[in-house]
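One chain, subunit A, links the two complexes that follow: it is found with subunit B in the first and with subunit C in the second.
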Partner chain A sequence: MYDENVETTKEIKSSPGTLVWRRFRHNRMALIGLGMLSIIVLISILAPLLATHDPNKIYMDKFRQPPNDEHILGTDSLGRDVWSRLVYGSRVSMTVGITAVAMYLLIGVTIGTLAAYFGGVVDMVLMRLTDIVMSFPFLLFALVIVATLEGEGNIWVVMGVIGLLGWTTNARLIRGQILSLRDKDYVQSARALGASHFRIIFKHLLPNAMAPVLVASTLSMAFAIMTEAALSFLGMGVPPTMASWGSMLSEANSRLVMDRMPWLWVPPGIAVLVSVLSINFVGDGLRDALDPKQKNNKEV
Partner chain B sequence: MKLLEVNNLKKHFSVNDSFLANLLNKNSQVHAVNGVSFSINKGETLSLVGESGCGKSTIGRTILGLYEPTEGEISYCGKKISQMSKKEKFGLKEKMQMIFQDPFSSLNPRQKVKDIIQEPIRSHNIVSREEEKDYILNLLDKVGVDGSYLNRYPHQFSGGQRQRIGIARSLSMEPDFIVADEPISALDVSIQAQILNLLMDLQDEFDLTFLFIAHDLSVVKHISDRVAIMYLGKIFEIGDKKDIFAEPLHPYTKALFNSIPELTTTTKENFSVLSGNVPDPIQLPQGCYFHSRCKYAEKICLKKEPELKEVNGRKVACHQL
Partner chain C sequence: MRSYILQRFLLMIPILIGVSLFTFFLSRMAPGDPLMHYTDPDFTQEMREEMMEKMGLNKPIYVQYISWLREALKGNLGVSLRYRSETVVHLIREKISPTIALTLTSLILAVFIAIPIGIYSAVKQYSIGDYIFTLGSFLGISVPSFFLALGLIYIFSLKLRWFPMAGMQTIGSRGGGFIDILRHLVLPVTALTLMRLAAFVRYSRGAMLEVISQDYIRTARSKGVTEKIVIFKHALRNAAIPIVTMVGMSIARLFSGALIVETVFSWPGLGKLSYEAVLQRDYPVLMGTTLLVALMVVVGNMVADITYSLIDPQIRYD
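And then the complex of A and B:
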């Protein structure tokens, strides 16, 4: 008789995680994105070593100097070193991005999971709440909250607002995932074996539902970074003394700077562009690696 | 000795559970199971047979407590499940287990074989931590999976092996009663016989009682002691396998048996297919559920629902007998 226990594959490590990494590794854009992102994270960690000057020190005699030997990217309207501010600015962007995503995950996953798992009235209430938050005009609402809390210049208020308004996509995504997983046989089997709600949610549902949520979270990290830049550009973000890419960009709101002093706004612009772009590449790569059924993905 | 008794079980599902539908009172129901009674003796195999959508699986899952029954009673060892305490119900999970149809969705893709089997053992404290590994290896050996595969994930196995792992998981609680929900219909033909024989061997070894859900009559003939034929959430005929296979009485049972193609020289003539479709389970028909497709249907069949009654040592629900 044909024996089904024959060894078919070599003994290679093949946990779901290893498989994902193996597929991710073959996506060149995603690798470049990951590399860029790691560099930006490194820069933000090593900021004190990389900065040539104190980012907040004002050199009274050097307003708006073009790049030179001492200030490699020149100085801004208050006479501060642009390169040093750029380096320190990455800290704000990364903190905002990571905190916002953590909040998206925490709130979104909790609400989405509870809604889908318990269904009925719980689902109704939580999803209507999500709809309401979703219908807020994001930037306007963020401005109003920051203003009423008198949180201008408080980076934690800014991060809180971004986090509190942006979790809705995650909630909807995870709800859809859990709804489709809830009736899978292995979940039914866990129930037949007497597993608790807690165990079913954390052992059987969430690990299998996280893939699209992780992808969405990377992409929303890019969105959070841009929102912080926008708020800072409008003067509602980080305190004026604190270096942030958004507040550096706001220098460009005069015609003179736009036309004649590109060193003031091109570097922070490129910094935002590169970080958002590389996060998006990583997100795309993650999506392809986590869901091999999607096309454009040669069998590895 | 009666191990399990099902009394007038009904299970209806809401189709449209939205707020608006409830408000407008437009909430319709799918009548999946419509008053089913049967009992299973210890050590025997009862097969539930019927076409897809007739409520076989729903019965199995309701017995295991995965669905709440809409009406009716299920008793285990003479004790009504609905009257059991939470603790008793948890203990009952050790006694009643399930084997699933699709081996590709019945194992969590993110758990290793070891964890899949370990989880129920730990939550029910079946054996101590020291004995755990030997216990799991012994189980895997019983179902014919090599012990060296402990640290593998489900996606590294074939359908047959996965089904064996699923069986090992059910057996880990040392159950008395197993609902086997079409356990072999998703497998390759070459593997079907192996799994079927495995189930029968395990039944002998552990003195198991099976509720075997199937639509393949040759499989049913091989494994069961008693057979129940279902149609639209009702049992039409229930009795000993030998009697029913020797002489099917209900018109639907006859039609089912006639629909098995046989290999003969005159293949085209030796089987017939029932005409028409199963009625809508949302709006159940009046009278006998089968009257729209039955060639013997008379006036009474349109009006009055037939009860199950004793005929030739079995129970049949038909006015014509």
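And then the complex of A and C:
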């Protein structure tokens, strides 16, 4: 009896973070995803140690070599070491993913919060802007922007484009959340006590509105990584000298490479697949962990 | 209700103007003049300027936009810079059927395969079948479209030699006709379907799960309605709302997928046309295709919203 009481007190006292982690831990797919993602992050940090060669060094005498002792995944059409490029490619994907999510959060949360909090004309203008950006044919627009700004490809342009076109989901989510919180009693009382807009937004509204946004942001990191790979595959992404999984895959545009040299295009494809998959696993686990309502559904 | 639909229609106008403005100014910001790729190197400066003059390219950019808009409203989208004699409208008309054949087939296949799987997964939640489908749909949403397309070509075209790897018709075949086109359609449709399918399965499973946990389903069960009727009549009808929205909202993604799939498979459709227009700086064509795709996206979203409000009378718009 006594023990049980202690247990309940502990339950109440544990922070929301601990609770979320406790739920997350029980989701096997989410844990596997987190594990894989950590490995990929580790690979991108330790790239200089893991790479056996300089990823950009051209070995003139040995291009398109099949895997061998010297080059464990062979060499590409320019005579560069495929394994080293694969390892360094994780850096591009992770950088693009993280930057894009940061931009989604910054732009999406700002626009959604302002629209919901101030309402009226502000809401109208910001939401119509969101509608317009949402109606952009994403990939086509990204291609146009990259082609216009930087014919040769530039990782900053790519990250900027992906970030600028993808924040709409976050804006709509946060707007919905804040609209439902705005007139809650605790916010009203904060207002009555004379709290500033700034304090109400940052102290009372945003912390309670962030859960679905975090989930959406995690999932959109996967989308950002895929988009970068697609742009680079289409020759409109990061510069060709930079090792990116997408541009490595564009080797398969040559029929000979596709047919006879799968080591050139299968590994980067699998790398993109594994990173995106693990992020999706984590995002899905987060959704279940942050949204106890859905958790209950699962037990029905 | 009627005023809601009207309001949605009116909203399309600023959205489409916004999209066209953005595309127009952006594409003109590119360094170099638009004719750079399309004139002989031995053109004299005067010949060039004369050409720019004739095409109205040396006027201020907003004047160019207004005259473009005026013509566009009359249904004239200009002439392609690349194919001098072709109008943009003609090019789009020529390329739209292959794209519709590709995307519509994939969309229909994806919806009709996904919904039964989604229902099965939701009803038999946590069964082995559910795990397999869930894992499969995770794989499906995580595989890059071009990698999937390349993989399909590698296996079914290069190794097994079952299907052709590119194009819409066998070159030189004198109209092998319908069957020939169909054979060329199989792989691109498979690629596009698998991608949409994965997203739709996840969505319809979620929608079904949400509905199944509702009180009225418990009521139906407890009053002795057979499981079959509970699922297909009570549950599915309500789960249909989010599923309809999902289909309407997926048009933008569908087109992005088509752009890549058409490029990889050399399928002569709008996606490939727009990609080439980007590469070749064929601005009039680019404006035309962007606007068309934006129009389809807006209409898709609108239809989704309106259907949503028709199916569910609880939703009110003010």
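The working rule: the second predicted complex is superposed on the first by the 280 of 300 C-alpha atoms of A that agree within 3 Å, B and C clash if a C-alpha of one lies under 4 Å from a C-alpha of the other, contacts with A are read in each partner's own complex, and residues count from 1 in each chain.
To be clear about the criterion, a residue touches a chain if its C-beta (ideal position, glycine included) is under 8 Å from a C-beta of that chain, and two chains touch if they have at least 3 such contacts.
Keep in mind that what you see is a predicted model, and the values were worked out from it rather than measured.
On the superposed subunit A, the two partners subunit B and subunit C both fit, without a clash.
Shared-chain residue A:P207: touches subunit B; no touch with subunit C.
Using the contact criterion defined above for the overlaid structures, shared-chain residue A:W83 touches neither subunit B nor subunit C, since it reaches no partner. In the superposed model, A:P16 lies in contact with subunit B only, and not with subunit C. Once the two complexes are overlaid on the shared chain, A:I132 sits against subunit C while remaining clear of subunit B. In the superposed model, A:I145 lies in contact with subunit C only, and not with subunit B. One of subunit B and subunit C touches more residues of subunit A, and that partner is C. When both complexes are overlaid on chain A, the residue A:F233 reaches subunit C alone and has no touch with subunit B.
Of the two partner chains placed by superposition, only subunit C is touched by A:W265; subunit B is not. Between subunit B and subunit C, the shortest distance over C-alpha atoms in the superposed arrangement works out to 5 Å. Taken together, the two structures place no residue of subunit A in contact with subunit B in one case and with subunit C in the other.
Across the complex, subunit A is touched by residues 11, 14-16, 18-19, 22-23, 26-27, 29-31, 125, 135, 138-139, 141-147, 150-151, 153-154, 158, 165, 209-210, 212-213, 252-253, 255-256, 259-260, 263, 274-275, 278-279, 281, 286, 289-290, 293-294, 297-298, 301 of subunit C. Within the complex formed with subunit A, the subunit B residues making contact are 17, 19, 61, 64-66, 90, 93-94, 96-98, 100-102, 105-111, 119-120, 123-124, 144-146, 153, 156, 158, 160-161, 166, 169, 173, 190-191, 194.
Within the complex formed with subunit B, the residues of subunit A that make contact are 1-2, 4-5, 8-9, 14-16, 120, 124, 184-186, 188-196, 199, 203-204, 207-208. The touching residues of subunit A, counted against subunit C in their complex, run 29, 128, 131-132, 134-141, 143-145, 147-149, 151, 222, 226, 229-230, 233-236, 246, 249, 252, 255, 258-259, 262, 265, 269, 272-273, 276-277, 280-281, 284, 296-298, 300.
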